[in-house]
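Please read through the structure below; I'll follow up with questions.
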Amino acid sequence: MASVKVRLWKERIAKGFMLLSGFLVTGSLFFIVGTILYKGLPYLSWEMVSQLPKGGFYIGKEGGILNAILGSLYLASAATILATIIGIPISIFLTVYLKQGSFLSRLSKLIYDILYGIPSIVYGAIGFSIMVYFGIRASLLGGIITITLLTIPIVVRTVDELLKTVPADLRHVTQSLGATRWEVAKVLLLFIKPGVFTAILLAFGRAIGDVAGVLLTSGFSDNLPKYIDEPAATLPLAIFFQLSSPIPEVQGRAYASALVLTIIILIIVLCTQYLAAKQKKHKM
Amino acid sequence: MHAVSSSKTEKAQDVNTQVQSHIVIRDLNVHIEGKHILKNINLDIPNHSVTSIIGPSGCGKTTLLKTLNRLLEDVSDVSISGSVLVNGEDIYAPDAEVTHLRKKMGLLSQKPFPLPMSIFDNIAYGPKIHGIKNKKKLQEIVETQLRNVGLWEEVKDRLDASATRLSIGQQQRLCLARGLAVEPEIILGDESTSALDPISTQTIENLLISLKDAYTIVLVTHILRQARRVSDYIIFVYNGEILEFGKTEDVLLRPKHEITRQYVKGFIS
Amino acid sequence: MNTIRLLKDKIVRNSSALLLFLSLSVVVFMGLGLVYKSWPLLESESLFRLLTEKIWSPMKGYFGFLPFIAGTLAVTTVALIIAVPLCILTAVYLTEYASKGLRNSILPLINVLAALPPVLYGVWGVLFVVPMIKEYIAPIFGVETSGYSVLAAGIVLAVMIFPIMISIIVEVLQTIPDELKAASLSLGATKWETIQHIILAKAKPGIIAATVLAISRAFGETIAVLMVCGNIPKIPTSIFDAGYPIPALIANNFGEMMSIPLYESALMFSALLLFAIIFLFNFIARIILNRLENKYNG
């Protein structure tokens, strides 16, 4: 057996490695955000966020990224609303209407877990095929359909996790008042309300940040879509397409888009943290 | 073994002749995940009195309580046979309507679970879902029930405040009032004071005693002293069977069965 | 009144059941749709040849997927080699050593990392990782490279899988009962020895599940990898070579050149490959995690 001294040294070395890893992992976040801030800040201006790009796609030097900002907001909001409308009833059905631990509920939850892991490029490929089949061209609508499919599992899983945290006794006392299952569900939703907003925000964050799903389905345009069947730009697409441009001004639009997207994501994360704290307090 | 069951049914009949029962259980068997949790339960729970279900933990006392309210069936892999008659109506009959019969039984759970809404709405919730829309009528109900549980003076100025702000003892009284607001006939208590401090416990116990003229009360408790303080009758459940059922003094002071004697010994010494 | 309430209840029940059914059928639809679309290719070539052939030249009708499979594996392996040790050490530090205050300030940061969209990782990769490899890392090894390489993709991917690995491992570590640690410590073991022999041994299934989930995440990641991996359909022989993973293949070519026979079918086949592998990996990981959860909760 090694002496105590050696053993304690081992402990110290191990701890050093752990600290180093923790530092690297956390540091990577600051690295990424820092890089984007460094590159994006010089280009961020009121003109940039309030104007459409001018002078032609990929080569035009003038204008801003309003098309991408609004396109992203349209697409992500529509998809999130649809996913919420579809996803919340599903989680309620799984927890309130089905018996706990029944085969169907376990199977469904497993499938949603898996769907959550399916990469968005596969959703995109499927969405594209559906669109070709129905003769829909790459458009806002196509993007919305794909992203809705992508975000439903997020809503279902998060709300399901939340419903799991509701004590069974709360359901029982509500039922004891003679409430139907639907009325019980409404009470449960009230109970997890802050958490439901978290789920919606998470879905929105995923929806607004996704590229692979919309790359094939929503097209890209320098203009704002007037109708839902017109192609639309999104921030991630604007970054993806313009980052490799040889023209510095166009590249600048990509940096600015990255910065705007980062800010939106950070706001969403802050809101979710706030809501999570509120949900904790809610539960006493 | 044989002697036990005969003395049990004797006692049950004995009680039955004294008062007409609200809740009658016949040949009730419950299996959960293949385990036989409740075995051949036959019981007539006396009206307008407090009946306590006691027994070692894991013996099935909470399960017994939950079968009265059909709250067991949310869990899968539960099979229930036999019948539970409430006012002569079998609640496990295929055409029985659950929400309607649950309304007859208020549940007071282990910890207070105020609904995530105001004090007023907590109490008005039940009447509202059962169709009372009149604001004045709701206010009346809320006041009556809060007075009933002695909470009115404490909260009348902050009925719009969130119920979670109340102390835990107040919350439990609020939950009792909420249960009473749907005009049940029966109150079921599942170790309802286990999360409370001694003073709040006493308040709840006194409330239950005062309510027994109007309600039939069934409590699960693991505190023998509480059973002694509040109940008129005691059911001793052991290993899924009813070993003993009778007047409180009889069960606690003159138990017929050796296991009961050992279980209550701690109480007597 | 009562009948209306019961009716409402029934309507909600039936409509939500319908939604569940429809959304679950998406999986079936995806699988079948992909098989249907890739059928023409599968009919013309044997599955084995598709997966082992090295030459990718759609114009000439050669559809060898080996370069892409190799690209995916190379990128994923590099990412795992970087991420797994870092994540285990970080997770152990956070659960066993860090104060509550530190843990509560680090974990939200890791959530931010999880929330960042892939394209931002890609931007970081292009602006920082790629030049760093070109200017500093490759010269150390005496290699010349554009920087767009398997290594760059591996580093970006590693950072992307940090959050999922760390959050799962932390969760698993937290389920290990304190009594177990106390038992080991009271035998005179140091904290690190306890971690080595007791905690990590106990957490092994969870760590494996986290790794499997991370692998499937890495397999499917498209944009961030696409932006930094170089996209040359050749089997990479060193980490400084360019690679071309499957998702990048789909993203780069989908919807274009559809006039080439079998091309669309080939792309759909690659989507099917991804779908099948990731379905399987997720399935395995979730089964392990659900087992663990049930074990500790009941």
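In this document, chain identifiers A, B and C correspond to the written order of the chains, with residue numbering beginning at 1 in each.
By our rule, a residue touches a chain if its C-beta (ideal position, glycine included) is under 8 Å from a C-beta of that chain, and two chains touch if they have at least 3 such contacts.
A quick note: this is a predicted structure, and the numbers were derived from the prediction, not measured.
**Student:** Quick check for you: compute each chain's CA centroid and the global CA centroid, then name the chain with the smallest gap between them.
**Tutor:** Looking at where each chain's C-alpha mean falls, the closest to the middle is A.
**Student:** Tell me which chain's centre, taken as the mean of its C-alpha atoms, is farthest from subunit B.
**Tutor:** The most remote chain is C.
**Student:** For subunit A versus subunit B, what separation do you get between their C-alpha means, in angstrom?
**Tutor:** 46
**Student:** Can you work out the whole-Å distance between the CA centroids of subunit B and subunit C?
**Tutor:** 52
**Student:** Any idea how many Å lie between the Cα centroids of subunit A and subunit C?
**Tutor:** Chain centroid spacing, subunit A to subunit C, equals 16 Å.
**Student:** Identify all positions of subunit C at which a residue touches two or more other chains, and write them in rising order.
**Tutor:** Those would be 5-6.
**Student:** Tell me, which residues of subunit A touch at least two other chains?
**Tutor:** As it turns out, subunit A has residues touching two or more other chains at 180, 183.
**Student:** Which residues of subunit B are in contact with two or more other chains?
**Tutor:** Residues 99-100, 129-130 of subunit B touch two or more partner chains.
**Student:** Which bits of subunit A are touching subunit C when the two form their complex?
**Tutor:** These residues of subunit A touch subunit C: 7-8, 10-11, 14-15, 17-22, 24-26, 28-29, 31-32, 35-36, 39, 86, 89-90, 92-94, 97, 108, 110-111, 113-122, 124-126, 128-129, 138, 149, 152, 156, 180-183, 185, 202, 205, 208-212, 215-216, 236, 239-240, 243-244, 254-255, 258, 261-262, 265-266, 268-269, 272-273.
**Student:** In their complex, what parts of subunit B are in touch with subunit A?
**Tutor:** 66, 69, 71, 73-77, 98-100, 102-103, 105-107, 109-111, 113, 115-117, 125-126, 129-130, 164, 175, 178-179, 182, 188, 190
**Student:** Subunit B touches which residues of subunit A in the complex?
**Tutor:** Contact set of subunit A toward subunit B: 99-102, 167-180, 183, 187, 190-191, 193, 282, 284.
**Student:** Okay, in this complex, where on subunit B does subunit C touch?
**Tutor:** That would be residues 97, 99-100, 129-131 of subunit B.
**Student:** If you look only at subunit C, which of its residues touch subunit A in the complex?
**Tutor:** Per the stated touch rule, the residues are 5-6, 8-9, 12-13, 15-17, 19-20, 23-24, 26-27, 29-30, 33-34, 37, 85-87, 89-90, 92-94, 97-98, 106, 108-113, 115-124, 126-128, 159, 162, 166, 190-193, 195, 213, 216-217, 219-223, 227, 247, 250-251, 254-255, 267-268, 271, 274-275, 278-279, 281-283, 286-287, 290.
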